[in-house]
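The chains carry the letters A, B, C, D and E, assigned in the order they are written, with residues numbered from 1 in each.
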């Protein structure tokens, strides 16, 4: 019952937020609301027992994507044009979509029912067998990194692709007019914030530590390469914001990070290659060790590492490229 | 190693992409990429030969059995398309070197090659996989790479086109995700074979219908079926020329493949065509697409746009064959998928050569091109004839099959329309030819062909157009094999 | 016996925390301008979160690991939230947002930035 | 059947509609991306909800628990979230470039600019080689913009 | 040398010639030399083929099979051989003439001209030897496409417009009607191969036969049966050798040839005779004959008049085919030859007049007979053949057409043939009269012939026209065989 109430409250919160986002013209507040939206949905995921997802959603939705949005906001205008909405056709389409979904809703299996196909077919195998086959308590991790590890490889590549895409579009010389040097870039976002500097100095190490914890504790609790990567990146982003991009860049030169991001993917891939070379299927961790379980452990450890590396580097990449570009064209105007 | 071909097909380019970051000079980079994609092509050939020899190949990734792990399943259908994608991909990449140097700043070329490989790998991943969700993942890889590639275009409109494509594409992908989710909800599995077995139990449910609808709409967005085609012309027109060549030849085909796979293999003909008005809808959409596309194409002044709209029309043909829900019709569709890949590949590649030389794809710039770059223009003419469907070219073969399939169903009027539409095709191809050959250029023309390395891939494609139009055993054989298997699954 | 007391205490604390949050939210809505609202926000993330955390720590059946984690949070929040508030205020000042009360209180200020929603969520 | 018990599917649908509406109705490119985010998140909620089991716990084996929520949807959504952020990143990158190229991020304005342009100039790629940035390796990112 | 080999050689030779022409495009003399040599070799091959065929070697070749029942293949049969012979003769003569003409008028892009000319020859031969409808269709389209640039040779806006009409009508009819007709046939019979008794016999009957026949007749736009004749006058902008090619050698002949071939080898007379409403076809042809002649009367431009006369003459052939009597088929095939030589003479004459005096209108031709005696003599012979008077070959063909009509008791056809003969006379005689008996505008009329090559060329064709009347038996043997084949069905 209590769960029911919480869910309802959270969900209605979400609807409320979505409505506000749809209505407000102030993009900055929309960004904030979006972050909030992700936060709330993360909470909802927790109540749905999807802790890993919640973790990720919080880190990504509330963290990185808001950050990127804000960076983009530095270039684009803060307010939306008043008359830029043309609802007529949109409403029709949306309405149709909704009707279709409601129609589909009628035959959906009961929510929370333990006998739905979702529970019966494949998942049951994971729940019952994974301990024997993989030997780590966190099923999500075992499915993610072993049963469906190929999906995760794809996921890593997706991130990598995004990094490449952003570099290709924003990286390097800005298209067209741009001052050879823009003071914005060298200036830290908060030049004279002693307090900020001190506190950040205090916080950054624990954040990184936490990231490592998340990375390597993924087998036992919520977390894993992806969440860890995002957190790690967040730490560096904080550093960059407080101590200025110049210094951040000196510490983490772009080519190096780019290289690292590639290394992550390659690490993941080469684990698969190794198992191929040992005559097993791609990403079959049994190839890594005589003992099945230890093989699985090693494999999962390595691929999670790969994911972590790639995500970290790409996130940093994104943040640097975005904010740098933002300052450049900020310098233009 | 042979046992691992299915996965290597995808993994090789996928792993090669990050490796590119380690290579310094662009030339070396190019060489590397060509070799990689060439390797992929070789693999695909081996695969198809294996498939022909000994039926579908199953490969269990991670060594986990099918419903629990992800499996790759290569049969005639996707082996066929794998050959197309890797083959065209290689040829385009081969000629990319020159065109890219012209159209991209130096510091972007690296990213171009990486994104290109990723896109290719993504497409092949979609083709190879036997897992519904894995389709989505690789769909996204290829899509993101594609947005990047399109966005690299020189013209600022490329950015806008890419953005539109991104929005449309993501909506499509999300729809597909919803579709897959609902299917999963009803069956509890993601493996295609498994799904095919479990779906009949719940075939009557409304949820499944919704899932189907969402899935089809999503794919149609990616596929640029007529009313949802709006992103395509801009994307094709403003992307770097070679990118256009690659996309036009492969991307839409792969999307169509996904549709075929789900409609025939997973849902099964009985569900798709008996419970639903799919047939009529697609018939109408197909015809509408054919005519709208062709007619708009006639009025374009930019050749790239012109061909882009013709692509919309050609997709209409495929949809038409698909809507017949007969084995013949399916053969026609499959043939046209493959053949149109060859045709458009050749045309856009030749166009890239033109752009490389005269820096524009505006029709007005084509004056006297017949003398200025005879070989390139000759290629365009031959490929154009193939596009119209003149006998002794691949275009004729697929049209012929389409017509025969239509007659089988006794759809006379449609046959008439198809023939009429090829007249329209004739008109827009003719416009190019007329300007290039029969309009006197302003200045006096000097003959300046593109470098041989550029010309060779074009002509290989053109040759393929003619050869496969004469010796149809390979294509038709495979297509029929695939069609039978698609129909066989649910019987 | 011990357990009951603990749970009672924690319950009280949690309630109190919720109360503070509520007050904060109210203030957020009622106060005239950015700077004053920040005070309200302050209540939420000092007293509000603090009391809640302590209450949770005192929950009898909570695992030691959980307690440890909660303690960490308890340490970090007092570090971060004032800093954030500080940065915000400074930024607003730099942005030329004049406090409603005070010397140049006469001129109206721009509609307050939307950070407020964030802190009352 | 008791539709109320499906309340979170209801909400999912409403959220989807809202997100979708924002995407197609708003002319501001950044806003569109936000809408996309909401749209996708609603799909995540759909997946997660279908995996949930009454009174079950998170799919992490621990003594004293028998029933777990299905882990598979969680895995799928982890991937989906990643895809989402990737798309957003690329989208934002495009938006920034568009802003630089067009000076606006409003759909209709861009359209008008393009229509005006397509009347006047035919897109011609300048034939002279591009302003070549110095090679990748040598381009020290630190001093790149100084 | 076996028939099959020769057959393929004849098909490939023009392509070789093309290669040669392309190679020595820098040196005009060499280039034209290549053309001439190629043409003469071709003629020799043709004669060899003819001999082989008469000695009963009907070779057949399959190049490749695209799909089951759909192959690109060739076979020797009387009608084809006849057509091929005509092409062989006239290619040589026309190129001879063309060289003179092109140089005389300093035309541009001569290389392209000769290239496409050769290509057109290949296409025409392909049609002549085609063993099935598919092959026929392929080469039919090839012919259309290869002759288009010739029509628009001048490249002027007028030429382009005419070119569009030409291409438009021919392609739309062929793809819109001929192709469906072929596909229909294929669906019905599962084959497209020509068979001497017709292939449709037991697959189709009733009015549908007529429909299909109509689709074929109008689909073969090159036969210029009204209402799809408009491309022909439009194509008059082309240089004279091209007009010659179009009207005498390749295009229109290909058209009527296809009609006969379809009637004989696809339908078979039997089937068409029984088909209800098949008279429509006859009426169509008859109407064309008459109306074309009437229109021709009103034309002042010489070439236009000739063009309309062509339309009329062609419809004789169609008429002959549609009378559906073996004799009339014989007549029709004879008429192909007769008209070929007669009409090419006329065009050559017109061309040489233009070359020598730049005159195009009939009203300017007063007294030209004294200026250019040879040309006008040839012209006269040609006209005689057109009208169908001895001593020109036209007489023979018309004679058999008439016989056929009478035998088949087609009074209408008889009437039409007679009437149109009068009309022909009516639009040719005035020209001749003016040329010889009207006083020349420019006095004194000096003898001023066109370049010798042209004169020889048109001399030869005129001579042929007479010779074929004198010694028709060679021609006859072939035609006889055609009659036999036709009689089979």
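For this structure, a couple of remarks:
Quick note on the criterion: a residue touches a chain if its C-beta (ideal position, glycine included) is under 8 Å from a C-beta of that chain, and two chains touch if they have at least 3 such contacts.
Every value quoted in this text rests on a predicted model; they were computed, and no experiment measured them.
The chains other than subunit E, kept where they are, remain one piece by touching. Listed here as common contacts of subunit C and subunit E: no chain. Ranked by separation of Cα centres from subunit D, the top chain is E. Relative to subunit A, the most remote chain by averaged C-alpha coordinates is E. Contact counts per chain pair peak at A-D.
The distance from the centre of subunit A to the centre of subunit E, with each centre set as the mean of the Cα atoms, comes to 76 Å. In this assembly, the C-alpha centroid of subunit C lies 31 Å from the C-alpha centroid of subunit D. Between the Cα centres of subunit A and subunit D there is a gap of 11 Å.
Subunit B and subunit E have Cα centroids lying 45 Å from one another. For subunit D, the set of residues touching two or more other chains reads 16, 20, 29, 50, 72-73, 76, 79, 83, 86-87, 90, 93-95, 97, 101, 131, 133, 136-137, 139.
Counting partners per residue, subunit E has no residue that reaches two or more other chains. Along subunit A, residues 101, 105-106, 108-109, 116, 118-119, 122-123, 126, 148, 151, 154-155, 158, 161-162, 165, 169, 172-173 each make contact with two or more other chains.
Working note: touching chain pairs come out as A-B, A-C, A-D, B-D, B-E. Those residues of subunit D that touch subunit A in the complex are listed here as 1, 3, 5-11, 13-22, 24-31, 33-35, 37-38, 41, 44-45, 48-54, 56-62, 67-79, 81-90, 92-97, 99-101, 105-109, 131, 133, 136-137, 139-142, 144-146. Chain contact summary for the complex, subunit A toward subunit C: residues 26, 28-29, 32-33, 35-36, 39-40, 190, 193, 195-196, 199, 202-203, 206. Contacts from subunit D toward subunit B in the complex involve residues 16, 20, 23, 29, 32, 36, 39-40, 43, 46-47, 50, 72-73, 76, 79-80, 83, 86-87, 90-91, 93-95, 97-98, 101-102, 110, 114, 117, 122-127, 129-133, 135-137, 139. Those residues of subunit B that touch subunit E in the complex are listed here as 390-392, 397, 400, 403-404, 407, 415-416, 419-420, 422-423, 426, 430, 434, 437-438, 440, 469-472, 476.
Interface residues of subunit A facing subunit B in the complex, by the touch rule stated above, are 100-101, 103-109, 116-123, 125-126, 146-151, 154-155, 157-158, 160-162, 164-165, 167-169, 171-173, 258-259, 261-263, 265-266, 269-270, 272-273, 275-276, 280-286.
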